[in-house]
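Read through the structure below, which is laid out as structure tokens, and then see the notes.
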Amino acid sequence: MDLHVTHAWYLVLGALLFTLGAVGVVVRRNPLVMLMCVELMLNAVNLTFVTFSRMLGDVGGQTIVFFVLVVAAAEVVVGLGITVALLRRLPGATADDVSYLRG
Amino acid sequence: MVELVTFAIAGLVVLGGAVGVITSRNPVHAALSLVATLFGIAVLFIAQEAHLLAAVQVIVYTGAIVVLILFVIMLLGIDRMEDVMSEPLRGQRALAALLGVGLLGCSGLLVWLADGDADRFVTGARAATAALDQDEANIAQVGRSLFTDYVFAFELTAALLTIAVIGAVVLAKRPTDLAPLPERPVDPAAAADDEEVAG
Amino acid sequence: MGLLATTEAAAHAGDVPLLPLLVLTPVVGALLLLLVPGRRTELIRLVAFLTSVLAAVASVYVLAEFDAADSGMQLVSHRTWVADFGISWFLGIDGISLFLVVLTGLLFPLTIIGISPGHDDKAYYFWLLVLEAGCLGVFLAMDLFLFFVFFEIALVPMYMLIGGWGHGNRSYAATKFFLYTMAGSALMLVGILTLVLLSADATGGPTFDVLRLGEAQALAPMTARWVFCSFMLALAIKVPVFPLHTWLPDAHTEAPTAGSIILAGVMLKMGTYGFLRFGLYLFPEAAVWAAPAMLTLGVVGIIWGAVVATMQRDLKRLVAYSSVAHLGFIVLGTFALNTEGLQGGILQMVNHGISTGALFLLVGLIYERRHTREISELGGLQSAAPMLAAVFVLVVFSSIGLPGLNGFVGEFLTLLGAFISHRWWGVVAASGVILAALYLLWAFQRVFHGRAEGDNATMPDLTWKEGVVLAPFVLAIIGLGLYPRPVLERIEPSVERLLVHMDAQVDDWERPVIEPIQIVVDDAEDDLGDGGDHDAGADEHAEAGR
Amino acid sequence: MSPLALLAQTEAVPNIDTPIIEWSAVAPMLVLGVGAVLLLTFTSLGRIRPERGTTTLFTVVVALGAMLAAVPQWAQVQGWTDYRWIDDGHTGAWTAIGGAVGVDGFSVFITYILCISVILVSLLADEHCRREGIAGPELHALLLLSATGGVVMASANDLIVLFLGLETLSIAVYVLVAMDLRRIQSQEAGFKYFVLGAFASAFLLYGIAMIYGATGTTNLVGIVDFLAGNLVAEDALLLAGLSLLVVGLGFKVAAVPFHLWTPDVYEGAPSPVTAYMGAAVKAAAFAGMLRVLLLGFGSYDGTWVPVIEILAALSLVVGAVMAVVQTNVKRMLAYSSISHAGFLLVGVAASPEAGTADVLFYLAAYSLLVIGSFGVVTLVGRSGDAQHDLADYRGLAQGSPVLAAMLTVFLLAQAGVPLTSGFFAKFYVIAGAVEARSWWLAIVAMLASVIAAFLYLRIIAAMWLSDDPEPLRVEVPFAAGLALWAALLGTVVVGIFPSILIDAARDAVPMLVSLAP
Amino acid sequence: MEELIWLIPALPLAGALLLVVAGRRLGEPVAGLVATGATLGSFALALGMFANLVSLDEHERILTQRLFTWVPAGSFSVDMGFLLDPLAMTMVLFVTGVGALIHIYSIGYMHGDPRFHQFFLYLNLFVASMLLLVLGDNMLLTFLGWEGVGACSYLLISFWFEEEANASAGKKAFVTNRIGDWGFMVAMFFTFTTFGTLQYAEVLTGASSLAETTATAIALLLFVGAVGKSAQIPLFIWLPDAMAGPTPVSALIHAATMVTAGVFLMVRTSPILVEAADWVPTTIATVGALTALVAATIAVAQNDIKKVLAYSTVSQLGYMFLAVGTGAYVAAIFHMVTHAFFKALLFLGSGSVIHGMGDEQDMRRMGGLRRFMPVTAVTFIIGWLAIAGVPPLAGFWSKDEILLGAWEESPVLWAMGLLTALLTAFYMSRQVFLTFFGEPRWSLEGDGDAAVDPAAGMPGDELPEPKPAGFHPHESPWSMTMPLVVLAFLAVVAGGLNLPFSKDLHFLESWLEPSLFGNGHHSTAEGSEKVALAVVAIAAGLAGIAGAAVLYLKRRGRPATVEAAVLRRGWYIDSSVTWFMGGPGRAAFDAVAWFDRTVIDGAVNGVGAAVRLVGTGVRPMQSGYVRTYALTLGLGALAVLVLVLSRVAI
């Protein structure tokens, strides 16, 4: 059997990764792990971009990944900043503990 | 065949890492799993001939981002085990599973609609201006793209990074005279009852 | 368009812009009030009073300027407001609105001088004047948008008046009033826009000009009915038509006296006025279609309002429910769709404003003295305050519809109109006069008759000032009852024009008119007489068929 | 040479045809961005920190400068011959910098909304920061930077530029929200906003990726050309991408069911920042949404209009209903902003039929309203930014009648009472919906506005109608007073003479123009 | 002369206005004199007008005057205009005449009342309204007067409002009348839609062209109006209660004038009645006869001197309707006039008695008053004889004509009328005997424990307290007795208006001829038949008197057998109505009010509550947990995806 790696495989892998990331954000309580899960999602998108780039024969997709990386970096910086500030007040808090605002 | 093996191994690493991220009780383990995933992705980049991105992926993500995360974990000492087996929010997991299944179902639907052939719906015009050229180095191509089509976006990243810097600075400050922590709010449903009824 | 041109030509081009002046006078007064320091109560009252008197003078001047023979819009003021949507500042007056404007103009100074708020005078008079502007605007606006603006803007001062100077449950009542009315008008806005936008082709670009929209009649019948319903809902809530009336008792009961007077005297008329101006004029076919339903609601309102009023323990609430019944008559007259009914309806609007306004004023005076509105707490007031009782009984009679007083003429004409077009509705509605006597006289008996005890026995009678305030009401009650002709005369051409318009627009409908039997000369042969009988019978059938 | 060049394996770098940078096209964002950097530079160079009044003044000047810089753009777009002090020969809408930036009336209009928001919010924040100990010039710098992102969104002709603009805006706002380090609520809000924002961004990005796959480009002009030139039979990927775009943008505009962050974040954020979010973030997000959906996917309106309509209806109703049961004024206004987003979505849904003028008008009017409302909230919140309960407003009318009157006007305007800008805003949106023949949505919108009116009345009643209150005297600092008066003036003037604004909004047509060859 | 018609009602109206403005200042007795003067002026004017009318040719005896258009609306137009024809003239004369007398009487009767001037104000207003009623040249103006008299009646019945009963009686009168007014109004609607006008001139001349159904409807509805105003079954219950008002009011309004307005209306519109289906007059006659009989039976058992007269009035009004129903319009008017005289006389006499007895109204506390109040007694006795149908007094002639008409219509009706006549004679005699004859019963006989109450044992409800010893009734002042004398004179001679003996003596009949459009009933009975009937009637009257004499004068037999409780309670009609209104009626009203409050308003508030409930219910979704939010967001995204993709996949 000629098992050929098609583009679809990459795309499905990306979708799987995205899903895992999304589920991770929803089920994990540690703020940093949540952050990591978002990174998983972004990476899934990156993979998708690169795959499309290859399929389309267009370098633009790869360039976009570049920007996504920058955004991810900036997000992480700010996200970590916020988390640090938050955890300074509430040492050891999980995401669920941060629920003063509700209703 | 090489691609198949590469894909299989890298794919497994990617997924394994991802599962590790979302199941590790220890955040440090999660971070390390993330590194695995990122590496896997980098390999898949290479498999798709995006060499520059593979390099950047490793350098920026694993080298900078994950390390930063690890620093914070250490700094705050929040490497406490998280009880991943229990879920305080009722229905959260079931619905999360629904979300996961749904998203996968959607992608499955897409694949099914395309009859397994992604090209059927990746209908985009094959690039004419910035075509991937097998002869030219990947880096040059990305570079050209970056400075032509995406030059504005490229410039814009400056603002993004500036903000990140300011944000880090601002949020790292240690405030004086903290406001006391508010009391835990009561259940919102109960809170609504003792309002006056009008209208 | 031609219509507009002629009416504009008819307006005195060189004269002062009377109608804008009328609307803007209270606004200016209100703004002036803001400049007066809050401590200077007397000055504030003076400014407010003078402003309202000025507006009253202007409204009377409008009455004087009004050409009774002209059925179209008079004293038109037309300025483009929002060009791209065809919105304009378009004021005009005709027989339909004339007396409502005069009533509004005259009612406000009386209210201002008659009742003092007790606290926060500045804000009180400010809102009252804003309210006056809004009320006048509603009756004068001939641009749908402008109408809507005034219709809505009047809510705010009334909300504030009820909420700020009302009684016990004022916040609840004010909110209910505001939201209920707003709910209706919210849908009306959708209706207005639908009408305007769907007519845009026919009118050459969107326009809110009522006259042009009415002439164009561009909507498909079903659409027109839907839009009509949206108008009706909003207006019916305002009137209020049964079963949308329950905000009224609350609002009236909790409102300060001034609020009640204006609410009953002026604001309820916005709805019935809208029925005529917009419901009938813009959607003649739909109005004909809906007439039986509206008549039914009118009749139910008359009887329902009366029955519920009978059982009230709160004097003000009782009067409020009596309004529901009275406005049922107006609805009845309006949807009779004939000259008699419409004229009666309009006259009844004025009459109700006077009678019920006076009733609320009197109840307010009693409340000021006794600090209660509970009927059971009162009793035998006539011995302590014979003048008050005398005026009260007169107003009660007017409200009951005693011939010779104002209430009767309008009531009779509305019933007659209903009878002409829909016989049985008229017959049933007429029984409302029985119930009116029942609840009002019973209330009067419980409050004024019997032996006075406790505080009731020492209640002071009317003061001079109160007498002066009440005098115009009394005069109007008697005057309009004995000589309503000047009013009816001015109303008639416009009503006639409206009906001609409807007649022309609705294909398979003719406005109900009576067809008197051929009177056979005395010395006619018997068989001729039989022939006459036969004709009459045929007429009856024809009428019953409609 | 950049590090990238060092990585290059080739010996000779070929010449690159870099696109022309039309400075006039990016002048406003440049002014804003550079202004922010300059602000930071100046303040960090000086040893002594300047009075914060200076920072505010500087911010106002920068924003005014950006507005000034936008004037020639407007003149160009409208084909006016005057006011073109930077004239590079364009007339009408045009596209610049390699097709990444579009200059049209729409973008200029949004630029104005953003700049005015920045000015008013910085005035509001002036005293607030001093009182709350929110450090340094960073708040103002972040305001300017996020506005830069907003302007980028409004003029983005490329999805990835839009995304970057969005992130610029958002990340800055994450920081702004979390900035009040004394209050844990602020950090909580920042955290929630951040996590959810990043989460939503991922969806948005995934959507962009799909669209990229389906059309082969992220440039809106390219997408339109592609869709016009090809009959896409298998458009599932495109539709999926479009859906995720709607989700991502729906999150930013706080449409139900992507709205859950809104009340918490609005409540937790420092009050001036809340004002900014209500005004500027919403405006930028809607600008982005309109640009993408209307310009990029105008031919797919059959797909996205129903979705937007559902989101609109949900937002209208949920926002209004939830607002009714709140007791915290900030939260009430947050929910009401969701309802307003619903109104705006009604306009968006109608935009293929009725154009964007109604949405733009609404955005402009609402910006002033929300800044005014939250401005008063800022002042009444007083020390600790904590007095936000409905009960805290008792007696405001007795102690500070002018402030109470102002809030009343703003609230009535939000309720859509005539002679305020809010009325015309609703009016135009409903007109749009009627023009688009979606009566059901118009009716839902109006009914929701009635429900929402209840909550405005509650606040008004708390101020004016409560029994025997202690008079509540609130200090009004000069700068904040200025901002409030400006917002009030705008609200009332536009409410009486809407032509001023609606004519401009009608001229502000969004347009996609191919890059000139 | 006709241009002065308006003055007739205007004079009393002016009097009323003057009293409104200056009544309090004028005070007693000037206010009374002013009012009396105004009415007398009207009377004088009416006399002049009468002379003028008589001088005209018979066919020209219709004077009209139009003042102004009252209600113009579309095709509807009604004038403030007057129609003075013989019928109206008759009414005007006796209204102003009797009215003036009662004004004079009231000056004495109301002496000392703190609201003396107000009383005369109302009286004047009443006279003005009554004159409008009879003079109006269209139905609407008649209705104006019709309601005006009703309002005045209300005001006067509840004149002494401190007593709850008086106030209730006033209200009851007005509301009951309103039921009739409903009929009148609807009748006007019918008339207008049929004729296009409400002018009598056109309506009555055009009536012959009416379709029978229309005429039936109008006639019936007018009759409903008349039933209310003239206190016929079933709406008669208000009139006995109306005696709560001052006695002159009872005399003027509730005996002589207002209550006869219904009869006037029926006669006025007789051309329509003629066109109606045959069963309509029959119904009217039956209702009339039944009312007459029932009221007479009730009157038999009343102890209140005014109540007897009140039921008597109802009964006599029934007579008049009997006449109307049998087409004997002239007889109806004739009886109306004679009744006005003798009933006013009786009421005023009873007022004089009450006055003299110190406000005692119960006849069981009277007796032998003829010695104390000779003038009153004599005049009252004349009134008694007149009403009892003793020839040659006025009542005999008019009653005889009615019975004649009834006989020709149906013997049953005649029999009912005759029985009524018998009863009338009986209860009137009973009244006279109890009041003026026998021994005084107002105070206890003897002293201390041995004191005996002379009234004890008389049937009836609880006795009023006896008067203190030494109480002496007194004769009334001249202002009260003078009218009595005048009225007594009229009661004696009024029969001369329409004597049956010869066509030439039918003064009234020929006088009214132009107003009746030839619709008057002309007796076809033979002279002998007439005489026989008259003899039977006289015999019945005498029998009644004799019976009463036996029972009350000679004190043989037990009065209680006659004065059955069921009669005293008025066949329980009134109490049934009261029970119904207070019981099921009130409950129904309460139910409606409850429905309004709970269901209709409840629905409104329910919407608000529902919004709140939903808000509260959805609130937990806003749990504060960022993960919930993320999940919702994700599911929302999924929903959008599914929504959009489902359109592709399917």
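By letter and in written order, the chains are A, B, C, D and E; residue numbering begins at 1 in each of them.
One rule holds for everything that comes next: a residue touches a chain if its C-beta (ideal position, glycine included) is under 8 Å from a C-beta of that chain, and two chains touch if they have at least 3 such contacts.
Remember, it's a predicted structure, so these values are computed and weren't measured experimentally.
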Response to the item:
Sorted by label, the chains bordering both chain A and chain E are B, D
Discussion item. I want to compare two interfaces, D-E and B-D. Which one has more contacting C-beta pairs?
Written reply: B-D
Discussion item. Going by C-alpha centres, which chain would you call the most central?
Written reply: C
Worksheet item: Distance from the CA centroid of chain B to that of chain D, rounded to the nearest Å?
Response: 26
Worksheet item: Counting in whole Å, what is the centre-to-centre distance of chain C and chain E, each centre being its mean C-alpha position?
Response: 36
Response to the item:
Chain-centre distance (mean CA atoms) for chain A and chain B, in whole Å, is 1
Worksheet item: chain B to chain E: how many Å between their CA centres?
Response: 97
Item to complete: Can you tell me which residues of chain D touch two or more of the remaining chains?
Response: 160, 164, 167, 171, 174-175, 178, 181, 184-185, 191-192, 195, 199, 212-213, 216-217, 235-236, 240, 263-264, 324-325, 454, 458
Worksheet item: What are the residues of chain E that contact at least two other chains?
Response: 605, 608, 611-612, 615-616, 619, 622-628, 630-631, 634-635, 641, 645, 648-649
Worksheet item: Which chain A residues touch at least two other chains?
Response: 18, 21-22, 25-27, 29, 35, 51-52, 55-56, 58, 60, 64, 67, 71, 74, 78, 81-83, 85, 89-90, 95-96, 98-103
Discussion item. Quick check: in the complex, which residue numbers of chain B touch chain A?
Written reply: 3-4, 7, 11, 14-15, 18-19, 21-22, 24, 27, 30-31, 34, 37-38, 41, 44-45, 48-50, 52-53, 56-57, 60-61, 64-65, 68-69, 72-73, 75-78, 80, 82, 84, 87-89, 92-93, 95-97, 99-100, 103-104, 107, 111, 114, 116-119, 122, 124-127, 130-132, 138, 141-142, 144-146, 149-150, 153-154, 157, 160-161, 163-165, 167-168, 170-172, 174, 178, 181-182, 184-185, 188, 191-192
Worksheet item: Given the complex with chain E, which residues does chain D contribute to the contact?
Response: 191-192, 195-196, 199-200, 203, 235-236, 239-240, 242-244, 246-247, 250-251, 257-258, 260-261, 263-264, 303, 306-307, 310, 318, 321-325, 451, 454
Practice prompt. Please give the residue numbers of chain B that touch chain E in the complex, ascending.
Written response: 89, 92, 95-96, 98-99, 102-103, 106, 109-110, 113, 185, 187-189, 192-193, 197-199
Worksheet, complete the sentence: As the complex stands, chain D meets chain B at residues 4-5, 7-10, 13-14, 16-19, 21, 26, 33, 36-37, 40, 97-101, 133, 135-136, 138, 141-142, 145-146, 148-149, 152, 158, 160-161, 164-165, 167-168, 171-172, 174-175, 178-179, 181-185, 212-217, 219, 222, 226, 230, 232, 234-238, 240, 324-325, 327, 384, 386, 454, 458
Response to the item:
The residues of chain B that touch chain D in their complex are 52, 55, 106, 109-110, 113-114, 120-127, 136-137, 139-140, 143-144, 146-153, 156-160, 162-164, 166-167, 169-171, 173-179, 181-182, 191-192, 195, 198-199
